[in-house]
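You will see chain A twice below: alongside chain B first, and alongside chain C after that.
For the complex of A and B:
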């Protein structure tokens, strides 16, 4: 079984919410509520403030809690891609999947059934998902989980290649 | 993660075809791909052949609604005696306008007509009709409300009005009052900026508000409002005092370095002095100046947060001088003096047919000879008082000064006095409602456009009509053609379809028209260090820290710090009101978009946690802002990331927006409380020159 998923780079996300709208526009015909949401949080006091922007849809978990929680077997996981999707004809809108999901991904649709990110199911693997294609800073990246891990490592290597001075890096980088 | 020919894949999935376009929601006009099925726009994304790749900002992806908004303006209309609009034919609209234009020309001269526009490159048609043929010098973009001071600072310092940024190769980036990651700029630049920061390029942001860009910065300097020039001059002082300037570059390419060095010293622009003005510690200024001078390549730039002050032009001059004395210009990782692609004007007018106006344009006549665009906030003076000469007709193309200019009441009085007012727009804007005649324009999805992009090298975008025009709307070039025929200039506007003129306009490009149509963009080579062979386009051929042009025109030839014109808070009005664009809206024309209104449906005023506590204001309360000329009620948001003593207001909503069913009644129109402040050199509008008191309602 292959597992595709999303990589998200909070250092790149500027909280613009283009991904939310990209998802709405691309999946407009079967989306009644936003599947992807951006959250911006700040803490601290002026002028020492920190914060984060996070864009999240569904993580398409390897061992999806929503799937286990569903009393109607409405949620399935694709053998081919690992995408977790919901069969609207079986869903009764009980929201147990939302209780089980650690990320709040399942949403109650205006039709009283659960809706969520389907990993842009019409799009073949190998091209970008709509949110990813539109993201101005390319903070969202989709792909095979192994590829994403390597992508992340390559980013770190790229950063280190700009660090002047010694060739040995111990522990975590400072900022 | 493979992006090969994804156009084709999406077309197969959705049964669409791709029409290359351009987004004109904001002034950075990124190239797009429009996916069309049965004359409907199904999806839109960035053009994968362009540097922005497939990306769109939130306003760009949402703009799809524009292609099907039932609230769009669909028919030409004329205001009757009772003040109500009635639909008329294009034929009648053109006749009425042409007749009035003829009468005005006979009575007052062609200068009595002014044509104001936003950023559409199709404006070249109106330029040819109104300036070259009809003969008015008063044809102007919206610069006064925008980057006017930056453009003039660029022109006098580098001989270039619109330098772009090469973040990708930069190692030190300092942005002043500029928030590219918030309300957006060129999307490729934004992507390159965050990538550069990830590679540990140092990012310094100067802004009293913790903007989206400040969030990503290594150093955020919440400066006292309107004091950026003092900080920049103090950095220059430190660099020169320590001899850290790029001596070789100054020797070969900078004009007036010695005078500038003497100037910053003699005026005592020291970091210690700047600490008292800016609220930023002298040690910090020294550290940053040293690091900036030692790190190459580096880029410094500023925008709206600075140019909204009456001393903003001087501040930008100082910032541009910092780039110059450290040799950080037009190289990899620097400000780039962008080259344009070789485009021709769409129609040929023989030289003897080109009108020569008798009077100077209104900027010059009003005492702003260097203003790149007309200071539109001063037009009421010309209309109401005939000073410096009468202006009797105004044209507005996708500009909405009734919403965007300061002092709304004065603007309304002016509109009532005109002999003719015409608005060309896709929506029934507030300005359109005050006009005599309203002409419906086709949106960016329905018409062609050939334009230079804002990529650093030469790049031409060919945007093509993706769907038929909605209702009776017409592209601007067809409107100008129809008007030209009634004005007696029809012989110059001869084409069957847009392709006829677009082919001519692009005939010098080293690419076939068919290939350009297919790709939507043509990109030339990005050349660096062009000044080494060609010099700078200034009178001395050098980057001018001492500007001969400013000296000749009677202004300070070198950047100075002055506070004389600046409106500062006092005991009666204790807050500085600053003005900003929303991340999720642009100007006054995105408020009928359901995607964007779902995100932010009204505008608000931000106040610091400390000030809110003292005034007993909580998040979401309604507050009243009162300036010396008026007051407005607006929703409050309490923010940690705002320097105390400031109210930051987001503009674009309000006025009971009648432009569409979604915009209607949302938000508060804040401009009536701004007075018509003018930058004394550039003529730009001083939106941040406002003091207010705040009261919970």
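For the complex of A and C:
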């Protein structure tokens, strides 16, 4: 099974929220709530201030806890791409998947069923996802998890000038 | 005959409870155990990134809003909210009254409930809660049929029909019983089954046979319904109020994202 996923680089994200908009535009017909969220967190007081922008959607985890938590088996993992998706005809909106998800990705839609990132399933694999395509700083990168892990390691190595550590793609630790 | 009926009923209850308990373990208990395990941050000082959030216990207001008043449904449609409230409260109260009826009249007989006014109150409560449930289910069926295109994705017509038939056969069984026992001491407490019985008693039908058939059908449908609960969309009866309260109407999502961001700060 191929496993695709997202890599996010917090050093590059400027918090413009273009990814949120692109996600909503591309998935407009399926989406009633935001699937991708940019969380901006600041700590301290000027001039000693520090902050981070984190763009987060479903990480399509290798061993998805939401899939195991669903009492209706409404969440499935694609054999082809590893994308974790919700079958709304089975979902009862109990929100146990949200409770299980470490990233808080599944959201209650206005239809009373859970919604989450479907990895732009209507886009052919091999081209960029909507959020990735729009990102002006290339902070979001999608691809095969193994490649992303190597990409992440290389980024860390380039920045810190050593080759150990780093290289963790959230939801795929230990890959 | 009565002995045979109740032996059959208890056999049905045992089989149904067997399926029900297996389903509850498989689709509810094991799921919640898994979630608790996933969310367990482990002992303090463990190595590695801890992105898990210690969820605060749901407040009384959240439980009231999400599980009792079901405000999220009201946000979708006032009519949907109204009929869902009728079904939810009708079902829960009918279940509770039916258990009290069985407890005080069959299991631990108390004179007030066996031959006293208490029995009349219980019968009245059974009919009232049954009627509330029946009205809610009928409104749901009408809406499901009228708006089939929009509703068919989310509403399972077969389950709605199953519960509708459970309640309908309940009323019909009681009406048929009043036809064959017209001098029941508590008939005055019945405001649905008794009028139906009076309206149909004049027909020259085999009422005893019809009553046995209807009673058996009702018993089978109830047993089937309870066996179905954990395996079908009915499972939401247990998991939705629980899950919605514990996730505090999506506040959990924000808290988890902030926890991740804090880790990356």
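Simple rule for what comes next: the second predicted complex is superposed on the first by the 153 of 175 C-alpha atoms of A that agree within 3 Å, B and C clash if a C-alpha of one lies under 4 Å from a C-alpha of the other, contacts with A are read in each partner's own complex, and residues count from 1 in each chain.
The rule is short, and it goes like this: a contact is a pair of C-beta atoms (placed from the backbone, for glycine too) under 8 Å apart; a residue touches a chain by one contact, two chains touch by 3 or more.
For clarity, every value in this text was computed on a predicted model and none was experimentally measured.
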Touched partner set for A:159, first chain B, second chain C, both or neither: first
Touching partner for A:103 - first (chain B), second (chain C), both, neither: second
Contacts of A:51 with chain B and chain C, given as first, second, both or neither: both
Which of chain B and chain C A:17 touches, first, second, both or neither: first
Touching partner for A:71 - first (chain B), second (chain C), both, neither: second
Residues of chain A at both interfaces, chain B in one complex, chain C in the other: 51
Complex contacts: residues of chain B adjacent to chain A: 1-3, 6, 9-10, 13-14, 43-46, 54-58, 60-62, 64, 181-182, 184, 187, 190-191, 194-195, 197-201, 210, 212, 215-216, 218, 220, 222, 583-584, 595-596, 599, 608-610, 640-644
Residues of chain A defined as touching chain C within the complex: 10, 37, 39-41, 43, 50-52, 54, 56, 65, 68-72, 88-90, 92-96, 98-108, 110-113, 168, 170, 173
In the complex with chain A, residue positions of chain C that touch it: 27-28, 31-32, 34-35, 38-39, 48-49, 51-52, 55, 72-73, 75-76, 153-154, 230, 233, 235-236, 239-240, 242-244, 246-247, 249-250, 252-258, 260-262, 264-265
Chain B-facing residues of chain A, complex: 9, 11-12, 14-18, 20-22, 24-26, 42, 44-47, 49, 51, 53, 122-124, 126-128, 133-139, 141-143, 147, 151, 155, 158-159, 162-163, 175
